[in-house]
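Take a look at the structures below.
The two complexes that follow have subunit A in common; it is paired with subunit B in the first and with subunit C in the second.
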Partner chain A sequence: MYINGMSNISAQPDDFLTSAEIIDIQGNILSAVVRPYRELIKPMLLRRMSKAVKMGIYTAVKSLSRSGLECPDAILVGTGQGCMQDTEKFMQQIEESKEQLLTPTSFIQSTHNTVSGQIALFLKCNGYNMTYTQNSVSFESCLLDAQMQLELDEDIQNVLIGAVDETSEKFTGFQKLDGQIKAETILNKELFPSSSPGSIISESAAFFSISREKTPRSLANCVGSKIINEIQSSEIEEKVVEFLSEFDLKPEQMDAVVLGNNGDHRFDDYYQILQQGIFNNILQLNYKSLTGENNSISAIGCALAVSVLQHQKIPKKFRANSKSASKFRRILIYNQYLGRNHGFILLERP
Partner chain B sequence: MSDLHTELKESIIEQLNLEDMQPADIENNEALFGDGLGLDSIDALELIVLLEKDYGIKLTDPNQGKQIFNSINTMADFIEKHRTK
Partner chain C sequence: MKTVVVTGMGIVSAIGSSVTANLQSLQNNSDGLSKPDILQTGHQFPVGEIKITDAELLEELKLTASLGITRASLLGIKAITEIFENSGKLADNANTAFVSGTSVGGIDKTEQYFDLFDEKAALRPYIQAQHPGYTTQKIAEYFGIQGLVTTISTACSSSANAIMTGARLIQSGRYSKVIVGGSDCLTKFTLNGFNSLRILSDEPAKPFDRDRNGLNLGEAAAYLLLEAEDATSDQRILAKISGAGNANDAFHQTASSEDGEGAFKAMNKALKMANMEAQNIDYINAHGTGTQNNDLSETNALKRIFKETVPKFSSTKGFTGHTLGAAGAVEAIFSILSIQEQQVFANLNYQNIMEDGLIPVRENRKHQVDHVMSNSFGFGGNCTSLIFSKHE
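Coming up: the complex of A and B.
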């Protein structure tokens, strides 16, 4: 399946995938940069939307327009946490009003599939609509479903696929309690050398307009994706080799690998084993020191790989080693969170 | 314009997230629904909760809503006559 358009929002500027500029951010919870939502969404609709919904609709519409499409045949959205801000608002209302006098808006918007529903309403799309809430492999779950829909339903030619997660004041703070967020305040450029538990948590959205057939606008071919929920770090090389062998490929045939190191010293060994092992001679890319970590962030990793295949160049800020490649034809994206939910995505130049 | 009118406009703007609107932007006689301010059925539910929470008025007859929520003036009249707090 072919990626023909994409759009993303993160803590970084719009052009961060191609720009050499490095924006340093301090803080362990990063907000996404606000985009000009009013350009696309009417104020009367915008007023009820939480950040996740705004980011989702904005990136969905942008990715579709960049691919020259107005409405897809199916919409697939991944979100690890769903609409946290409205859930928090709704639960605060329950407490403050002693379970009386609850207003409807926050409740309506608090369900995990609000984003995909709102995108469908916005686009007037009556097609297949599914939301995957599978922790850090929510986006990869969407990719697998997209692949199956394209294989099983010949009426589906174009699929809109993406992932979005937002932070909320209190709920995100809870992630500190189990050590998912670093206890000490850290500058994002100090993230990778860090030797403490946890990472920096963030908001992000990335959407992709996908088609069954290659088009003149195709940026990348998504050859395959795979989810493995449990892997020991000692098995990671073997699992990567297994995944690539499904496509008759070997690790040395990758032109680059996009790795999800997040500075959590307890779990970055999965990446480090690959970096020092089977991908030692392959160009390695990192991005989470710029974007932070969340359950949808592998979609940003995927966007980075698509951008590299499209532009055939990599800003220095993403490079994790000094290896190079003359051409970028094939890129593997690998991500896991807390040592669980391992996602593999293989992209090729179309 | 009475304090109640201004208070009502401020509450509506806050409760319904009417971003970028000021109390002065809402006319006292302007229709709140339809062609006026453009509120919808979800907003009507929010206004019912607002009446009960801020003024202690519980609407027993849903058909009353159409008249009460016609404009700021009709809401203010109804609140002045029936408020319990």
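Coming up: the complex of A and C.
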């Protein structure tokens, strides 16, 4: 399936996939950069939208228009933590009011499929609409479903797919208590190398407009994706080789790999084993020191790979080793969180 | 495209802790509604509560609380254990996928411990429990499922969608065995949420009745084992999945359109995939929550699909309460029971026809049932319709 348009929001500026510029961020919880939402969304609607909904609608509409499409046949959204801001607000209201009659606004917007539902409402799209919420493979779950839709349903030609996660004060704050967020405050570009547990947690959204057939606007071909819930780090090389062999490919045939190192010394060994092993001679890219970590961040990793295939160049800030490639034809994206929910995505130049 | 069959079922709901117990309650018109005892709330709305505490579930399943396990995962493990006849292990877990639906996952623990995480380190395994994927993860760990594990959260259609996605994994030839279904427990969050929308009834719900005044919440876990027809033996087959369709109402975040456009499109898609005409359907297990809005919208959608000859239909939510993310799987099991027993189940508490309304099945009775349609609609305009058929 072909990616014909994309848009993303993260803690970095709009053009961060192609620019050399690095925005330094101090602090372990990274907000997404605010975009000119008003260009697309009426102020009256905007006021009622949580950040996840704003980011989701904005990037969804942008990615569609970049592909020349208005209403897709299916909308698939991944979100590991959903609309946390409204969930947190409503939970606190229950406590404060001691379960008295509350206004329903936050509850209405707290459900995990708020973003996919709001996109359908915004675009007036009656088609297939799905929300996957499986930690760090929420986006990969959407890719898998999109692929099956295109294989099995002849009525589906175009699919909008994306992932979005927001932070909220208390709920994200709890992640400091259980070791998901680093105890020491660090500057994001100093995330690697790390010898402490936890990462820096962030907000992001990335959407892709996908079609069954190749079009003149096609930026990348998503050849396949795979989800594996549980892998021991000692098995990671074998699993990558197994995934690539499904497409008759070998690790050395990759022109680059996008790896999800997040500075958590307990779990970065999954990536390091690959970096020192089967991908030792392949150009390796990292991005989480710029964007931070969250359950939707592999969609940003995917956007980075699409951008490399499209522009055939890579800003230095993403390079994790000194290898190079003359041409970028094929890129593997690998990500996991806390040693679980492993996702593999294989992209090729269309 | 491979044919998908159901070869196992497991359920725990307010009307019983096994498929057999649920069937008995359905046949005896015996609902599972009560005041909340286990859920700590000031509200007295009737709910479909499973009268087994977390501590009792932990003991029964030989698990400890220190694992940070949610009520939804405990109920899920209990339901799936029934599929595998109490063995607790799968024969082929390396090649089995798991797709689970839930609306709020482990938010029961978040609301219980919200103010305690700071001081009590022992509770911190529950921090991640808030997110739906965690509940699925804990169930997967228990059964040793290591490959494809994912969660769908589309509010009240979550587990119906999980069944549809699981079926697609088999149709496309990716897996030959998938466990699908869903689990949701009662929480203060959802009880107060539905109360804020003023759609909770303070008496047993009356789906499709003129005087219906809201829904009752419930909790349940229900799972099915799906297999490729060509990879299993005939005697294990309970039913076939012949159709599934999802569409979006694109009308309002929580309310359904009056003409039921999303529901209409979902039912149409399911019929198209099943290669069936509307008149082939023998029974509909309706979404039928008992709210003014849903039942009107669903009635109109049914009339648009089935015209003058709407088949026998009922909402079984009067038995179980509305079990949110689990409802689609609970009602999938009831639909298959309807095929097995050649029986349609009562729409409890129905008395008066609504204006231009339809009359549901009022008492359970024998009926020839070859094809059942099961509807599930959720917030965000999410509408799903599944068709289960007798396996010949």
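Convention: the second predicted complex is superposed on the first by the 350 of 350 C-alpha atoms of A that agree within 3 Å, B and C clash if a C-alpha of one lies under 4 Å from a C-alpha of the other, contacts with A are read in each partner's own complex, and residues count from 1 in each chain.
Everything below uses one rule, namely that contacts are C-beta pairs under 8 Å (C-beta built on N, C-alpha and C of every residue); 3 or more make two chains touch, one makes a residue touch a chain.
Just so you know, these numbers come straight off a predicted model, no measurement behind them.
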Exercise for review: Based on the superposed arrangement, let me know which partner A:K98 touches: subunit B (first), subunit C (second), both, or neither?
Suggested key: second
Review point. Now for A:E230: first (subunit B), second (subunit C), both, or neither, which partner does it touch?
Key: second
Check your understanding: Which partner does A:N126 contact after superposing on A: first (subunit B), second (subunit C), both, neither?
Key -> second
Exercise for review: Between subunit B and subunit C, point out the one touching more subunit A residues.
Suggested key: C
Exercise for review: Go through the superposed model and pick first if A:A299 touches only subunit B, second if only subunit C, both, or neither.
Suggested key: neither
Review point. Touching A:R47 in the superposition: subunit B (first), subunit C (second), both, neither?
Key: first
Practice item. Classify the contacts of A:L76 with the two partner chains as first (subunit B alone), second (subunit C alone), both, or neither. Key: neither
Exercise for review: Return first, second, both or neither, reflecting whether A:F107 touches subunit B, subunit C, both chains, or no partner chain.
Suggested key: second
Point to revise | Residues of subunit A contacting subunit B in one complex and subunit C in the other | key: 101-104, 108
Review point. Taking the complex as given, what residues does subunit A use to touch subunit B?
Key: 43-44, 46-48, 97, 101-105, 108
Review point. Which subunit B residues qualify as touching subunit A in the complex?
Key: 15-20, 38, 42, 45-46, 49, 52-53
Review point. In their complex, what parts of subunit A are in touch with subunit C?
Key: 75, 80-82, 87, 90-91, 94-95, 98-99, 101-104, 107-114, 116-118, 120-121, 123-135, 137-138, 141, 144-145, 148-149, 151-152, 170-171, 174-175, 177-178, 180, 227-231, 295, 340-341
Exercise for review: Over in the complex, which subunit C residues touch subunit A? Could you list them?
Suggested key: 1, 41-43, 103, 107, 110-111, 114-115, 117-118, 121, 124-125, 127-128, 130-134, 136-137, 140-141, 145-155, 161, 165, 168-169, 171-172, 174, 188-189, 192-193, 195-197, 246-254, 261-262, 265, 378-382
